[in-house]
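There are two complexes below, and they share chain A, which is joined by chain B in the first and by chain C in the second.
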Partner chain A sequence: MVESKSSWKAWLYLSPALVLLLIFTVWPIINTVRMAFLENYSGLEAIGGRSFSIGIANFTKVISYKKFLDCLKTTVLLCVITVPVSSILALLIAVCLNSIKPLSRMLQTIFFLPYVTNSIAIGMVFAAMFNIIGNNIGSENEIITTAGIINNIIEFFGGHAVNWINAGSTYAANMTVMIIYIVWNALPFKILILLGGLQSINKQYYEAAKVDGTSRKRIFARITVPLLSPMIAYVVITGFIGGFKEYSSIVGVFGKTMGPAGADKRLNTMVGYIYDSLSLNRQGLASAAALILFAIILLVTLVNLYVSKKKVHY
Partner chain B sequence: MEVTLQNLTKIFPSKNKKDPTEVVAVNDFTFTIPDGKLIGLLGPSGCGKSTTLYMLSGLQKPTSGRIFFGKDDVTELTPENRGVGLVFQNYALYPHMTVKQNILFPLQNLKGEDKLEKEEMLKRAYETAKLVQIDELMERKPSELSGGQQQRVAIARALVKMPRVLLLDEPLSNLDARLRLQTREEIKRIQRETKITTIFVTHDQEEAMSISDLIVVMKLGVIQQIDKPQAVYDNPVNLFVAKFLGTPPINVFNGKVLNNELYIGEEKVLKVENVADQEVIVGIRPEGFILDKNGPLSCNLSNVEVMGRDVSIVSTNPNSQNPIIRSIIDADNEIDHESEKVRFSLKPNKVFIFSKETEKRLF
Partner chain C sequence: MKIDENITMHQQDMQKVSVRQKVVKILVQVALYAFLILMAIIVLFPFYWMINSSLKTLDEYRLSVPTFWPHVVMWENYVNAFNTANLGRLFFNTMYVGIVSTILSLVITVLSAFAFARLEFKGKNILFAGLLATMMIPGELFTITNYGTVSAWGWLDSYRVLIVPFLVSVFYIYLLRQNFLQIPNELYLAAKVDGTSDLKYLWKVMIPLALPTLISITILKMMGAWNSYVWPNLVTRKEKYRLITNGLRNAFTETTGDVNYPQQMAAVALVSIPLFLVFIFLRKYIMKGVSRSGIKG
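And then the complex of A and B:
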């Protein structure tokens, strides 16, 4: 234990980190709360000398905006679909990877690639893949109508090309692309965590199960999943937290307009709404929206923890 | 169930490319384990005893040779089709299940004709739990049990499906000294009550001697001797077996045989028969010494340890292979602690003579 006399030394060593945290984390949080409760707060006007009354107008305004509610809907929808799907897929892939001996290193690397690739870049690739019209190639007026690879595949199997992300596409088509993209992008981290968990499970449990004649399905359900449950809970909880902060993936596929041409902001999310409010100099609204987002994430995490307390075997 | 091993061999290929020597873990084992007996596979680490056990369980495939349970050739069968119960060294109890769920688990796996009603499963689980005396711990998790209790749960889990053969891998190595004594009695009792042919692996000769009906002494994948514990102790076939069994260990001397007389150094210690004149290794059990003022073997007395029931004399002799000679004699003998020399005569049936070259028993 550190003696109290020398505790100033401890503070000294901690101070660089503490100072940075105070400036860039603690103060912004306090300031966010302050701005959220100053009615119609705007940074520019505050510099101009205007004063704001205290109240909850920012909150009531935000939740009455249809724009905000649309953002909330998109965010929740993406979260509720992508987190379970990516978690289950990651679990299955991790189990398969764990049981493969040859090439396992190479396969692990391949599955981990999306994690180390820029999400905007991947988004652009996805945009190209789901495009209905290919890039402009040749002279300015010459448009070569090659569909993206997905539509090519659909047409190869005799289907009709779908307008996924171009002008005139539907919300459902847009969301489908986003769900596929987000699931694919979320897989590597989850696979990594679950694979690590799988490899730390004592092999003797499986040998014992084998001697007892346990079917593969039962081994998975009664041994693998329970023993992996702490990792699964971790993956799901962090998945939801990350999911509610979804933003850059949509920018990656649709660009800053957050929607197909002619339907700007259609796929805007909570974080997107906060950015927009900030850029319009309405920091009060942005802060209120940020606090609402925080409250939602907190609630979901508490529910997650409550459920995992009952189901997770540590 | 009678278990027969026929020319059983297991070779592990080398994993190191620079050193392609393969490891022969089990080398041409042929022996039969009689029905309903408790058999100990005994040997130092690396002797192939665990490999033999895992081949019996079906978790490892033999390189060549066959395994029979009774008349059935089980060599190609998977573990679950062999009807074996296996208790792992560290028990491998499922940590997220209660004791009851752990014991029920093998029963719930049964399919088709063997499938049991729920009540029947519970009944059998409780019967087995009662047999190993853990019926009051059924709702606990393994982490809430002591090592000895976990061991019993593991045995119950292996027994509940009524295996033809019960296999135990180092069953006592994870227990403390007192529990070890208790548990080995327990294993003996359970085996007697169930009459299931039981094979266990150990590196502890005392453990093997105390509970086995038959012990198989192994070294580097080769069987050295198979016999009743007392017979192995009284009649070791070679120096390795003589050294491996017995606490305190056997005392080993360099000696020679000349004209049917055994010499240790210049001292003529024993008459022997049918041994040609040659350099030999002499093994003398600690209880083979008799304190005798006129005895032929003289040693330098270094210490006397009183143990109540008997006395352990620690002495040295230039011809001894070990730094000290330990002899155990009755506490009634009077020993002059101050004297520098001590003289012994020897009990002929506790003296073994081994060839210096082959280490095989000559006498």
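And then the complex of A and C:
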């Protein structure tokens, strides 16, 4: 009775969501595939009445562009460095947080703070911290200079100042800044998840280990990590998915030029490439790049799931 | 005698061991705190530096030996930043878009989640699985076509272009559906017997019971409006419709060199502080929502 009556009602309740999803989710999926396989597709030219032949030229073109390969390189580098670093650091912090009592709540709140920030805004703060004022040192109109607070700290400990993000800085220096910022930004979510996992581990395991006189190291490797492995897998997978879509943190630090002065687009990422192609009205290339990005994310996720299936203890 | 000696020696050994254990325990605790406090300082440092810089004069900021608290506190920087970046307009736009899209989004999400959780219809499970599958696709893939769609409709530079495309979130529907499923079905059937309408039941029973999830969704949605950059940047050219993040980035295009950092940092602080306030007051809901979502903005 209830079933037959509520059928039309269900569709009524679902209709607003379904209409919007059809327009803004389902159609884009179909259309992206369509545009990706129409050679050199451009929305503007399509309106002008041009027709496009079907083929895989967009894909071969994208892959052969040095610009795209550079974006791919930057994205992959950022991913393979920041995901492990932030995951291990978050694990250490979470384990430490879990084994202290006083100040624990306050520290938890502090570690969560970077999450509730605007990645563009705080990117600008990082730029300020690494920036050197006064590129025209030695010239006639030399200005009073600060080497930037990070360089001040490095010099305080006896190191040499580095040109991190200013004109003439190296790719390695730029990447270091981005890695520090991305790790800083990625920590809160990972700590939150891992700490939640730690708190749900049954205390009996630890008590049993204590009775047996097991060492701390062994407890960590044999109890904590295995029982936490589903959360670790989750954190790593979402880390990779987010990492391959890195974009706005770089806009935050370097601005829309995506690189230091004189080296525009040097730190461009895959998502950045997609938007660049879109703004040049080359939707065919943008779609092909987006599909490649999707394929990479899917592949990395599947590999991660495969590995965790072997290693994760549920 | 000898046996006694042995016993006392043994006791001493035991005492030594337990003293050693205590010392190790204390050392470990000290090490833990040292590590955590060091990390906390690193985490907090950018915020401190933002505030510190935002209150300095430009000359003091440029000093080659940094000062760790401004000699002269320049509150004027905040006034200047507010005017330079036209933050008033940006705040208003962001709040407007955030509130309208949150309300509409909640209505759509509640109705859909109710249909998926309580009503029976053909193809329900396939439809739900299909929706979940779309969650795997990176948003950039949709943006390409959606930009074309909204331009074709002449929606560029308007509020609706910032609101409508993001009203439905499959993830929120999923989250709320899971919550609705925990509410016993008997309640619904009893309400049906009493002749209560679906909507009244939703309003009187389901929504109050699922309130924490709805609050989490609201906060995440508002934070999304506050932090969104790419889409607003793409679809708004006119100052009139800009959102806070774009306005901030556009007002201060220079990131390196000799720019007016104190003023820039003041603007950044003005944009960040509302988020901190929300966080302080609604910490529980944010952390709960985030731990289940795994998304940022």
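Everything that follows uses one rule, which is that the second predicted complex is superposed on the first by the 300 of 314 C-alpha atoms of A that agree within 3 Å, B and C clash if a C-alpha of one lies under 4 Å from a C-alpha of the other, contacts with A are read in each partner's own complex, and residues count from 1 in each chain.
Keep this in mind: contacts are C-beta pairs under 8 Å (C-beta built on N, C-alpha and C of every residue); 3 or more make two chains touch, one makes a residue touch a chain.
The structure presented is a predicted model; accordingly, all values stated were derived computationally and were not measured.
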One more residue to check, A:T109. First (chain B), second (chain C), both or neither? second
A:I54 in the overlay: touching chain B, chain C, both, or neither? Say first, second, both or neither. neither
Give one of first, second, both or neither to describe whether A:I23 is in contact with chain B, with chain C, with both, or with none. second
May I ask you to decide whether A:L227 touches chain B, chain C, both, or neither, giving the answer as first, second, both or neither? first
I'd like to know which partner A:L298 touches here: chain B for first, chain C for second, both or neither. second
Give one of first, second, both or neither to describe whether A:A172 is in contact with chain B, with chain C, with both, or with none. neither
Dominant toucher of chain A (residue count), chain B or chain C: C
Chain A residues contacted in one complex by chain B, in the other by chain C: none
Which of the residues in chain C end up touching chain A in this complex? 28-29, 32-33, 35-37, 39-40, 42-44, 46-47, 49-50, 53, 59, 61-66, 107-109, 111-112, 114-116, 119-122, 124, 131, 134, 136-149, 164-168, 170, 173, 189, 192, 198, 223, 226-227, 229-230, 234, 244-245, 248-249, 252-258, 261, 264-265, 268, 271-272, 275-276, 278-279, 283, 286-287, 290-291, 294, 296
Within their complex, state which residues of chain A touch chain C. 2-3, 6-7, 9-11, 13-14, 16-17, 20-21, 23-29, 31-32, 35, 43, 89, 92-93, 96-97, 99-100, 103, 107, 109-122, 124-129, 131-135, 143-147, 149, 152, 165-167, 184, 187, 189, 192-193, 196, 216, 234, 238, 241-242, 244-245, 247-248, 251-256, 260-261, 271, 274-275, 278-279, 283, 286-287, 290-291, 293-294, 297-298, 301
Name, in rising order, each residue of chain B that touches chain A in their complex. 57-59, 78-81, 84-86, 88, 90, 92, 94-97, 105-106, 108-111, 157, 161
Can you name the residues of chain A that touch chain B in the complex? 202, 204-205, 207-215, 218, 222-223, 226-227, 229, 313
